[in-house]
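Have a look at the structure below before the remarks.
Per-chain residue numbering starts at 1, and chain names A, B, C and D are given in the order in which the chains are listed.
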Amino acid sequence: MTIKVTVWGENVHEQTNDVVARIYPEGMHACIADGLNEDPQIEARAVTLQDPEQGLPEALLDDTDVLLWWGHAAHGDVHDETVDRVQARVLQGMGLLVLHSAHYSRIFKRLMGTTCSLKWREAGERERLWVINPGHPIVQGLGSYLELPHSEMYGEPFAVPNPDEVIFISAFEGGEVFRSGLTYKRGNGKIFYFGPGHETYPIYYDDQVRRVLKNGVKWACPEGSRWIDNCPNVPPEQAPNPVEVKGEGLHKPGEEGFR
Amino acid sequence: MTIKVTVWGENVHEQTNDVVARIYPEGMHACIADGLNEDPQIEARAVTLQDPEQGLPEALLDDTDVLLWWGHAAHGDVHDETVDRVQARVLQGMGLLVLHSAHYSRIFKRLMGTTCSLKWREAGERERLWVINPGHPIVQGLGSYLELPHSEMYGEPFAVPNPDEVIFISAFEGGEVFRSGLTYKRGNGKIFYFGPGHETYPIYYDDQVRRVLKNGVKWACPEGSRWIDNCPNVPPEQAPNPVEVKGEGLHKPGEEGFR
Amino acid sequence: MTIKVTVWGENVHEQTNDVVARIYPEGMHACIADGLNEDPQIEARAVTLQDPEQGLPEALLDDTDVLLWWGHAAHGDVHDETVDRVQARVLQGMGLLVLHSAHYSRIFKRLMGTTCSLKWREAGERERLWVINPGHPIVQGLGSYLELPHSEMYGEPFAVPNPDEVIFISAFEGGEVFRSGLTYKRGNGKIFYFGPGHETYPIYYDDQVRRVLKNGVKWACPEGSRWIDNCPNVPPEQAPNPVEVKGEGLHKPGEEGFR
Amino acid sequence: MTIKVTVWGENVHEQTNDVVARIYPEGMHACIADGLNEDPQIEARAVTLQDPEQGLPEALLDDTDVLLWWGHAAHGDVHDETVDRVQARVLQGMGLLVLHSAHYSRIFKRLMGTTCSLKWREAGERERLWVINPGHPIVQGLGSYLELPHSEMYGEPFAVPNPDEVIFISAFEGGEVFRSGLTYKRGNGKIFYFGPGHETYPIYYDDQVRRVLKNGVKWACPEGSRWIDNCPNVPPEQAPNPVEVKGEGLHKPGEEGFR
């Protein structure tokens, strides 16, 4: 079966920064989608912040198995409604890949519940991403580490909840380390944070980075069913054991709960 | 040393509902604080939504080791600024006890990243909270279960992230079950969700419930130091290994990162 | 693709107890395998403790995607070598379903690192297994709970490490509760503990129980690659950065480490 | 109150290797205990493999709040009974600090359920242990990293279950990385694995390493009560709800369960 993927790009620096425009003339989102589409099982389309409904209307999310998110300069421009829609779909089971500076995206902070801050340095230094579990689906096709000649340093402390699994730990030329591959499950959605991807380096053209993203998309694919949770009242007559109402109450029969 | 505790109460039904006003004439928050103050190690004060800065000014939070939160009808009235302040303090290490219907409070949903929904029934039925780990500090002084003659049914699915530990599982007269005691760590803050506490029953007068809250406060007490995270830039000359800047960049030296 | 499943049965009470022999004339392992083979994607065979190499020779394990384990009276008869082989395969990625009284099997205690004890009562009472996450693949096809008219009570405290996810919580007629569906990952192996299955009741003929086992097998199927870990020495000349040997050492070049 | 600490040392290389004997003339265990005893709150004694009952009789374990374990060449000489006693006490709440090559100790493998293997190189290279959570009690008094001029390289993959928290990540001169500070809870025991400590370097004389061990001991101190789990039968008449025995059974009333 085909995995339907949507790549969301902020698409700001591509328009405003010469370096980024030169490296990613079609936009980073298009480059990331091209990389994914090298895999016949994956059908990836790219959308941007500037599209109607910020690129993520309900119908598109309903038709998306895995969403990739890249943002940096315009996190604050993403509307509450957009964050709400994406969060709901992740909790329903849509996979989410959070890329590089999207550690500070509203959707990632929303799902993590922490600040998601880190240390950083933009010096084009070497990054090596060490594989923590060689048997994990996300690292298939890699050696014991993945090396990038030029990368932005992201360093610990990375203020996120303890992950379900650490997939990569990066060592930078300057000496810092960073948990650069982390997995989480929230609701029924699988989330993969992947560190590399600074816009002034051609990282999303790298074959091994593309391999990680393809593997990540397959790993994050929904399983089970799309469960939409709510807060149902269970009247006494529907309880598995007989219940006779006792004491005084707040709600009239059939009344909705507070939110 | 004394543990400084703040009990936050929404204080709405005490003013608008005769049943609640009769059971908690001074307000639920005052009753909860009274229970905690039975312990000489604990110094608890009560504040409410109607107080200046919604009861939680910066200075009070700075002086609080553990915060208890009870809300139900007015979750939506809590301002972003209040939620931001409380979240920041929890991440810095302040303990948080989330009580009953506060499963739907903005601060709990913010810290969990999920909907926090559940099933419910208001029938005054019996609830038994089974102890999952008899050695845990939060359950000291209890037997194998804690029984409440009249309680509101809260049932699974409880849409929260997998907890660090399950402390209680409740069995209700009607047959439903609920993970009614859960612990989490977010940043350096310890979080304890405790299920019982519907306002139309005198639950916060129960000696065993009070015991759990006292134990919970001691368990959630800050340890380590109050770390305020941020997103610092580490200039090349401050890297532990020599770094020579390569490639092109986005930021000028000393420039702040995007948020 | 076909999922290759091996059902391991202790096969003791079927030979020594009239009740069990009457309910499971071919043995519990055969009944469990029959249920799995209802699914065309699954190819299940049954083996027993009395078979050569206790039913689990290396070659069979290498050809097994998911292993189911049922034992009760003869845990102590399982050899170290058998436990070692199964543990190694689980860490390499083979799925493992641990059934009922196998909470006390040597392989489960080995993988958990705890006593795995619980409370129990054999009274043929009703058990209801509540679904904790309706979207999870293991519970697909079930309603909000699965009910068994006659079951053995297993109750908390269940002395296991905190699971990755709680799939079921059982409520028993007698009032006790139990985390009767738990998932873990150890190495690359997915582990699912499932509570019901006492040998004096026809539980493995129940359609919903069979559904859970089929779902569990599919969920536990290996992903990624079969990684066999070891403890390799990395000589200085193979380090990614140049390393000049300093100070005094314990090992001669190329020497193996201690175990 | 005073924290009672026992430092267990294998005490083999101190007797057989000139380098180790010169650096640790009284034995590594004595040096580690000396470092802990710098703190007036801690009362540390040292025992060794060669002592009666391998240094860990029941009475000593009962009188121990936190146990530190250093072993390397003689893991295989530790008896089942010794491992059983220590595991039982950890599950009851005793803290355990597992040092360096004790990643391969029988007690650590027993508690983890995995192989606990890693990569290694003995080249006396520099190790930097980066602090992952500056607010955590174990890292109080440290800067953003702890540097050792000469250390043995331990590298990923480190085959352990996902920890409750990563406290340190090491970066080695040769380029490898390692999760060198990990915490776990098993039963009621808090476990802290700490990576540095190769016997041919004077690591346990380092003030910052000693600080980590003192902090670790305080963090791992038992809380709650010492709960000894077992597998009790709950007869029908002791169930909270009335239970009438139905169906056929395996056990006669009052009979013990199988183990």
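Criterion: a contact is a pair of C-beta atoms (placed from the backbone, for glycine too) under 8 Å apart; a residue touches a chain by one contact, two chains touch by 3 or more.
Bear in mind that the values here come from a model prediction, so they are computed numbers and not experimental data.
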Shared chain contacts [chain C and chain D, defined touch]: A, B
Turn needed to bring chain A onto chain B - CA fit, degrees, nearest 5: 180
Same-site or different-site touching of chain B by its copy chain D, using the half cut: same
Identity of the chain that, by mean CA position, is farthest from chain C: B
Centroid distance [mean C-alpha coordinates] between chain B and chain A, Å: 27
Distance from chain C to chain A - Cα centre to Cα centre, in angstrom: 32
Chain centre separation (chain A, chain D; CA means) in Å: 36
For chain D, residues contacting two or more additional chains: 128, 133-134, 155, 157, 162, 164-165, 175-176, 185, 187, 240
Chain D partner contacts - residues on chain C that touch it in the complex: 13, 17, 19-20, 72-73, 75-76, 87, 91, 101, 104, 110-115, 117-125, 150, 153, 155, 157, 159, 161-162, 173-176, 185-187, 198-201, 229-236, 239-241, 243-251, 257-259
Contact footprint of chain A on chain C as seen in their complex: 92-93, 128, 133-140, 145, 147, 164-165, 185, 187-188, 219, 223-227, 240
Parts of chain A lying in touch with chain D, wherever the complex brings them together: 128, 130-134, 155-158, 162-166, 169-171, 175-177, 179
